[in-house]
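Report on the following structure.
When the chains are written out, they are named A, B and C in that same order, and each has its own residue count from 1.
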Amino acid sequence: MATQHSRAAARLMISPSVLLLLGWMLIPLGMTIYFSLLRYNLLMPGNNPYVGWENYKYFLTDPAFTAAIVNTLLLVGGVLLITVVGGVLLGLLLDQPMWGQGIVRILVIAPFFVMPTVSALVWKNMFMNPVNGLFAYLAQFLGLEPFDFLAQAPLMSIIGIVSWQWLPFATLILLTAMQSLDREQLEAAEMDGAGPFSRFFYIVVPHLARAVTVVVLIQTIFLLSVFAEILVTTNGGPGNASTNLTYLVYAESLLRFDVGTGSAGGVVAIVLANIVAIFLMRMIGKNLEA
Amino acid sequence: MARKVTTQRMAVNTVVAWVIGLLIFFPILWTILTSFKTEAQAIADPPIFLGFNWTFENYIEVQERSNYFRHFWNSVVISVGSTLLGLVIAVPAAWAMAFVPGKRTKDVLMWMLSTKMLPPVGVLVPIYLMFRTLGLLDTKLGLVIVLTLINLPIIIWMLYTYFREIPGEILEAARMDGATLRGEVVHVLLPMAVPGMASTVLLNIILAWNEAFWTLNLTAAKAAPLTAFIASYSSPEGLFYAKLSAASTMAIAPILIMGWFSQKQLVRGLTFGAVK
Amino acid sequence: MGRITLDKVTKSFGDIEVIPPLDLTIDEGEFVVFVGPSGCGKSTLLRLIAGLEDVSSGQIRIDREDATHLPPAKRKLAMVFQSYALYPHMSVRKNIAFPLKMAGMSKEEQDKRVDYAAQVLNLSDYIDRKPGQLSGGQRQRVAIGRAIVREPAAFLFDEPLSNLDAALRVNMRLEISELHTKLKTTMVYVTHDQVEAMTMADKIVVLQAGRIEQVGSPLELYRAPRNRFVAGFIGSPKMNFITGEEAAKHGAHEIGVRPEHLQPSTESGMWKGTVGVGEHLGSDTFLHVHDTGLAETITVRASGEMALRHGDTIWLTPEADKIHKFDAAGLRVE
């Protein structure tokens, strides 16, 4: 639906974005792949010999790698589960008539505005600290032993912190989707004899499918590369208990200065992210077309 | 038509929602309150909720000790700069995809989004080394470039969804009225897209303001934005809760305030234009 | 000023040819209506003239100048869109002044022309409002105002009345016709409504599947449709078509008689049938007649007072010189 003239203009207008993103994707990617085949350590200057798959062998057989994969999956899956379920429940609650709805909504959205380093620090020190944290006081008040969250359940604690940051996002999207549901559809279902539970499962849930897809897609993108929360709270520890793939690669390359191994890890991370991406894009492509 | 709701039901809803809302908000509230306490009051046992002597000491000390305003300014330059630069690159692309769609437009859009799937850690090493060679490490310019590139797909996607709501006939009318391509975009498309662009800008400023992978890895003292400034407070364990709270409050306040004042655009933006 | 010539123009979208080679001349000052069922290519044809789409081959000339590859802005044409396409963020004044501003006209000249257009179109009271605050008819007039200020070589209208309610549509039809009489500028008007075509056009172009079926004045098309398609499309209610033995009597494959050219009678006539539904319009009554053995239903115009009921027997007699004859290919036979 356009002329050759406007099609030519369109190509011209889209090319800066395409070239920039292509460059941003291909150049560092090429370099990462190249580095991953070298023995390359910033602490040992000199020539960087080609070593083939050695870095990959080293990275993939490192027990830290398996731990990091498991942790990454637990982190992404756990946060998605908590935020989607919590988001649906909160959305349903906020969709009800009440006094001060606008203010409650502001309160619920607020954690999304908090930068990861701040939320990690606040939770770590002021809530989860086993001596001075509020949770410790609470445990004491209830006559329980204070629990050292970040030492004894580091991954769960981080999942909790990250969920707190992303719950507002899920809630807001799901709430918006609920509000766009045609009331007449619900009334028609009621006339057809559907009770509240049937209405929820047969009308509301299918209507929310698209919104849930959006939540899952966008959150997965951000959750795969959770970094600051781990850096600030546990530094990946104790041991590798809270090291995810992102943190592991960071540690290899910028803490141990092993560029070769770090790059191999980066390539592995990219391959894994692509597997997830293909899976998600399939799902999204279908759901967003409609 | 909304059904009449009983006062009782309304009251129950209100109480439940407020309790949950306040619980979710509590960590922020507690941080703000603690920032006005003395260090001793901050770790008092039992915790003091409101009955303490309000003081601004902590704020003054944070500014003196670690030069809050410089980091604040870095954050402003980096988030606003990368958003505006992104907008300049994204507007033409979104125009092209929304109004001159071709067979492959959907694929291009999906490809652009998929670049977001590239884990930053996968390209951390080359970017770090490249920046070191180019002298971009610990500079605002370096961060503006990186944040523009990582948020570009989101900006394009959001503008695309907003532009698509604008009927193509109006742009054709402008063309018939003698407008050049530039005139069409500047006089007709952009003014009509103001609400959508506001949402896009707000969301991207927030994402850039809170971005904590590249800002932590590519800056040291000079160009560090607030994310990195705050991270420096993680070393002295405990004991400085009041100062930590003051620094945290200052780091999140600009975005909280901006977010609350522009709630309507932001809510629209937060859904990334994908849900109506 | 305002002569548009299409010379072997074609248009394809991918492999699909929507306009096969087409020739057409629109004379200066003419009011030409493109009419046809939806999907017949009439809007595409208009967009080709406007320059909003490229022709796949052929030439478009405006005032003898080759305009085939000119961008829309350079063709000196103005267009009124189906959705009016007003700029929602601009006041009525700014909307109307937009093409003048784009042409780089001085502010005083812009104001002078806008005020004149607003006066002609009765828009002076709303000049500072935004389109969102106007009714459908007022929006329509703003769209027309935006078109007339630049004094184009020709106006293009793309189904401009289809978003208005029935009463307003009749009014606007008159207003546009009056505007044409006043301005004497070429107008090209696209519609699917044959009543609009009949009432407004100097020249009607009937299109089907991108092909021109017939070009002519409203009465030419009514009196001598060139084929069965035009015969069925022009005129309301539709012409009755009869095949078989009865058609053979007239030496044709198929014959057509308009409802207004059938004489109804309760006593005698050529064709006998039973009255079905009657549509009473007051001035006329249209009766649907069944069981004639000629066609499933035959529509006939009776006078408003004809007292016939559902199930009554009726006799119909066609006026001999008003019978249209068609051959097996659907073409008119004299």
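Note that in this section a contact is a pair of C-beta atoms (placed from the backbone, for glycine too) under 8 Å apart; a residue touches a chain by one contact, two chains touch by 3 or more.
Computed from a predicted model, the values in this text were never measured in an experiment.
Chain-to-chain contact here is organised exhaustively, every possible pair of chains being in touch. Comparing per-chain C-alpha centres with the mean over every protein C-alpha atom, the closest match is chain B. For the pairs A-B and A-C, the larger set of C-beta contacts lies at A-B.
Separating the CA-averaged centres of chain B and chain C is a span of 54 Å.
Centre to centre, using the average C-alpha position, chain A and chain B are separated by 16 Å.
Rounded to a whole number, the gap between the C-alpha centres of chain A and chain C is 58 angstrom. Shared interface positions of chain C, i.e. residues touching 2 or more other chains, are given as 52, 71. Chain A has residues 1-2 in contact with two or more other chains.
If you check the complex, the residues on chain A that touch chain B are 1-2, 6-7, 9-11, 13-14, 16-18, 20-21, 24-25, 27-29, 31-32, 35, 90, 93-94, 96-127, 129, 131-132, 134, 137, 141, 164, 167-169, 172-173, 176-177, 180, 183, 210-211, 214, 218, 221, 224-225, 227-228, 231-232, 245-246, 249-250, 253-254, 259, 262-263, 265-267, 269-270, 273-274, 276-277, 280-281, 285, 288. On the side of chain B, the complex with chain C involves touching residues 167, 169-170, 172-180, 183, 187-188, 191-192, 194. Interface residues of chain C, counted against chain B in their complex, comprise 50, 52, 71-73, 77-79, 81-83, 85-90, 98-99, 102-103, 146, 150.
Within the complex, the chain C residues that touch chain A are 51-54, 71. Contact residues on chain A toward chain C in their complex (touch as defined above): 1-5.
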